[in-house]
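Input: a single structure, listed below in structure tokens.
Each chain gets a letter, A, B, C, D and E, in the order it is written, and its residues are counted from 1.
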């Protein structure tokens, strides 16, 4: 089954690696993510006020696009890769589900578009992997076992909060860990896995991000993680850049690489996983040092 | 039709729904005054004749309130009510009366708020439906 | 320091409640939001105190940086035992300022444009702007 | 001894009630011995004009069968009421509406459309429908009006006694004649049949009512010894007045309710609905969820036709709402 | 005066209830409208109808106006129906010809529009006037009482209730699902605010109960089904198979000392192990072992039987079957207690995940001198001593979002006790208590709390803990001090969560068997929250202890005494008076169709065949003692033979008519 897919701005720019890997992983697992032919910004951060509608317009347009494509692909699902897009689209969608009046209003407003019917289901790529494919199936497809790699799955905030959009336990999520275990990796449990990385504060309040990242990384390192795995481009960025500063300031004594889940999956599911590994020396080194793949 | 106020007869079981309505009162919840309560010992005491009689005399809606399944003070009275109401709904539908005019709700003694919600909701729905076509003037 | 209830303060409370759609009186000041906030250290005032000031109708609350620092990560909302959506209240406070044309971020600063725009993920830039500029 | 004057009238009915008078066989001779028959549509030609000329209350007993379906029925009911000392609703149609009243599930328009336009054998290109008046060479002709709603006799005039049944059984008719002719009259309003329900005279063996599912008559061959309801076949007996001699039951068919409700009851169908629904899978009621209950209930086809076959016109709701 | 005469003289008394009714409903108008009704001989209002002058006014009016029936338009009948019925009885009327029109709870309190509320009040009152006009004069039915009681639950409340009833001279069965009585209290170390040893005060009571000539202990037993009614319940008790013949067993202990299967001990909250054949704790009453078949090697794998070999008297009986016994009883006391809200539900605190995050009850076992550590406070993870300890209050309580909305009431006090006892044992230790409010409303409770802070220097921090996680061998607690506004982080050896408490497992099933109500939180619902706090809505069933709501020991014991006194006062007369508002079968109408027999939940109806004038007559016969008056039969009776006394169908039609006119 193929899914309509919404990339969002970051995955086309700084988060390109995630998209590339994810599209490939999808193919390896026997399905395709079909990018919506046209799409607009999701809105980035869901507007929490109760009296503003305009902020939800662009997300609504995306939902209408998904509705159109869904008819073709015979599905009501829309897959996102970016945590932020997932969060915003799903919250907007839920708002309509819980509040038919708002749906009516926005449809009146978007009078040049077809009506949004309110039954699109927003899914994160992780949900597709876990619910529609399943760790068992993934395990069968593993070509390069990550059995010597200690990974720390980090969720961040946007996938699990607020509760209404969470697809995993809010305090001790397991989906990413289960998938990583299926790839053969040793999964460590970091209690900071759902604590925020500081998000957009990286622009206005870098100090806050440093505090957040220090908390996350220091436990991760204490537990001996080789790599931190995340599905979110912003988390990936924050965790990586903040570690640089923290390392310079001597707050941490090493830097843990932070990569996307999709990248790690690509390595593991491809016959030629070793080839990709050349771009990921830190992993290669670890694996080599512990007796190869 | 603007000022149409639906008339609802509410048969309330003494142990659950009547007590739930009492709780709504004690909690000073405010709701629409369209439902006039009649206290019965058990929702099982609600004879389909009462319901049809009420409709024939011009009631716009009839609400039957009983204990949740398993909670009936008389063990199983509400199970009978459920069956009767289901069959009655089939009947009134065949007679061209909107099914929504007859409503069965399980409301416990602790669900004052639910009682309020049900009465309000029923009033709104009946307003949408308009007056009962069985009103006496025919 | 004496605090008296003012018209302005009550109005502020009403506005915040309206914008956020939250009942501010549900809060019983347990402080779990502050205990859980990842960026509380950068705040002038802990979130629970901000809620308290809104409850009492103290306009002083608008001079704190707390609601600007808030990263909208929803951890407070998720853990609040009284189901107060604190993130919405923060958004409410931000909007009180923004709707009076009081921005927090100067997007026109050269530093902002040049230094950051190359490498920082777009989503961070847009969210920062959305949270801080009307 | 002067003979009593009696009359029969045939309103909206199948005519079976007229024949039912003759079901008393040779006893009719006893009747004729004691009474003059002034009017009897099935047997005599009496003109309405002659009837109108009669003095008020000159008929001692008038047996009126048939429901009120047309303006003619109503007019005659009123005339006969004036002319009669005792007006008897004879048979289920006059008593409760009976089969003609099932037309209350439709209205005049629907019935005319079906009868004069839509039936497969009808050719009616001009869509001609019955009119209450039209011109002929001889002048204007008036035809009674067809009503939307079928009524019972007592819904248009005051009725003194009722003879139930579709049609009333000979024992009931004979008993009634005897009472009227001897002057041994029960209180006004009496339905001249026993007060108990049919189960009282039904000889079938009854066990606890544990009906797991409902069968329609053709779906199951009924055990002639056992109560129909116990076998899952809907029998109106519990809610129907006895006195008919349980003829249907003897023929291994369940009671369909033609004798109407019992005296303590207002609406026969409502009562039977309640009784049947209450004992439906009563043993398993704790296990069945709402969906299963609905499935069970949905086995009962056509509730109106089942529970109100004879009594729709006299029921609480009386007719279908047609918008 | 024949009160069943055909022309009734109804008096209608409309109550203002201060401004409770009169503030919204135009009571004068109600009286005025009602006075126009046929059969109404008097209609008037008074400010407080239930007050002494109000009742006097009612009696005087009844006499003056020669009334034979009365309607009081006032509050809910649940509140004052009895009051007014007794008052009319005192004025010479039949109490069943006095009816209440509820124009307060169902009208003035819930509507804002005065005009509409007044209209509704008029309709409600009119319908009740129609009802009272048809009400017959009735006398109560007398039913004999079985003077035996059943107490369900063998914790401190159940034990106390059983002892009180037994001491009153009546046979009492004490039913307990575990093999020993004692309940939660047996697990506690010391008790607040006096710090007596819990077992020292409880065990004598347990022994007293087991030796009492009027008490029959039925442990390892559960209620299977309940039928009957007040004064005459039939309760089936399932005696679970203990696999040990208790009549033979001497309690020597050889069996459990030798048993090779080891599982976590429930009594010790998993801090130590027990054998598969076991007594839950050394002071158990009765002190006889049972085999836990789930974990016994013989039952699971068919091998072992060591206990059988070592038992010198041959008390082991592997073939023992469960047994059902039926007990006739007049009253039932439900004392099924509480359980701790599962630790696993608090994922943000790592509940169930981290060994050093434990519940209050587990900490009791760590504190207890008879506990697995002999009262030494250690970290369950590694057995090392504890220096820094954090107590988290309201763990799952007062949380409408995820957990329990209510205050669990006992935790403030036991946390103070925990902190105090910890400091008594670990003098150089640090005890931190995170709280939202400290609630100490009990005798000597506030003083006890002061001792914890002033003398024992437990540091109380006002703020709720947001997260607990493991970091190395420590547990890190994130909290806040709302008084300073600072975030607090404590690295502790042990975190003790004062868990919310909830009703015992199985309360829902028991509630359904007993046909009593539970509230939205699952606790037993009392007949009246203030005036009938120990009675259920079903007469003859009473409550004791935490099954009704969170309670500490003194409260549980007082409630047990109260429930027992209710039972004893019921047993003090030989006959129960039962309301006569039950079914009646008109034999001249009944055709014996059998519909009512199949549906009566009380089996109060049976088929009867008699012969009358040579003809077989079939009909339903009513057992008045069994009928509870639900009216289901009357609604179903297809011939109208089954009627309800003072609630007849034709009467209902009149009520409907006046409401809709």
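Quick notes on this one:
FYI, contacts are C-beta pairs under 8 Å (C-beta built on N, C-alpha and C of every residue); 3 or more make two chains touch, one makes a residue touch a chain.
Note that the structure is predicted; figures quoted are calculated from it, not measured.
Counted as hops between touching chains, the shortest connection from chain A to chain B is 2.
Listed here as common contacts of chain B and chain D: E.
Number of steps on the shortest path from chain B to chain E, with steps defined by chain touch: 1.
Nearest to the overall CA centre, using the mean of each chain's CA atoms, is chain B.
The chain pair with more C-beta contacts between its two chains, of A-C and D-E, is A-C. Computed from the mean C-alpha positions, the centre of chain C lies at a distance of 46 Å from the centre of chain E.
Averaged C-alpha coordinates give centres for chain A and chain D that are 75 Å from one another.
Averaging Cα coordinates per chain places chain A and chain E 49 Å apart. Within chain D, contacts with two or more other chains are made by residues 265-266, 271, 274, 278, 282.
Across the assembly, chain C contributes residues 41 that each touch 2 or more other chains. Within chain E, residues 348, 467, 599, 632, 635-636, 649, 653 each touch two or more of the remaining chains.
You'll find the chains touch as A-C, A-E, B-D, B-E, C-E, D-E.
Considering their complex, residues 76-78, 102, 104-107, 109-113, 116-117, 119-120, 123-124, 127, 511-512, 515, 517, 519-520, 525, 537-538, 581, 599, 601-602, 628-632, 634-636, 644, 647, 649, 652-653, 655-657, 659-660 of chain E touch chain B. The touching residues of chain E, counted against chain D in their complex, run 586, 588-595, 597-599, 607, 617-618, 632, 635-641, 643, 649-650, 653.
On the side of chain B, the complex with chain E involves touching residues 7, 9, 15-16, 18-19, 21-22, 24-26, 28-31, 33, 36-42, 44-50, 53-54, 57-59, 70-77, 80, 84, 108-111, 116.
Interface of chain B with chain D (complex): residues 47-49, 51-53, 55-56, 70, 76, 79-80, 82-84, 86-88, 90-92, 94-97, 133-134. Those residues of chain E that touch chain C in the complex are listed here as 348, 394, 398-403, 436, 462-467, 478-482, 485-488.
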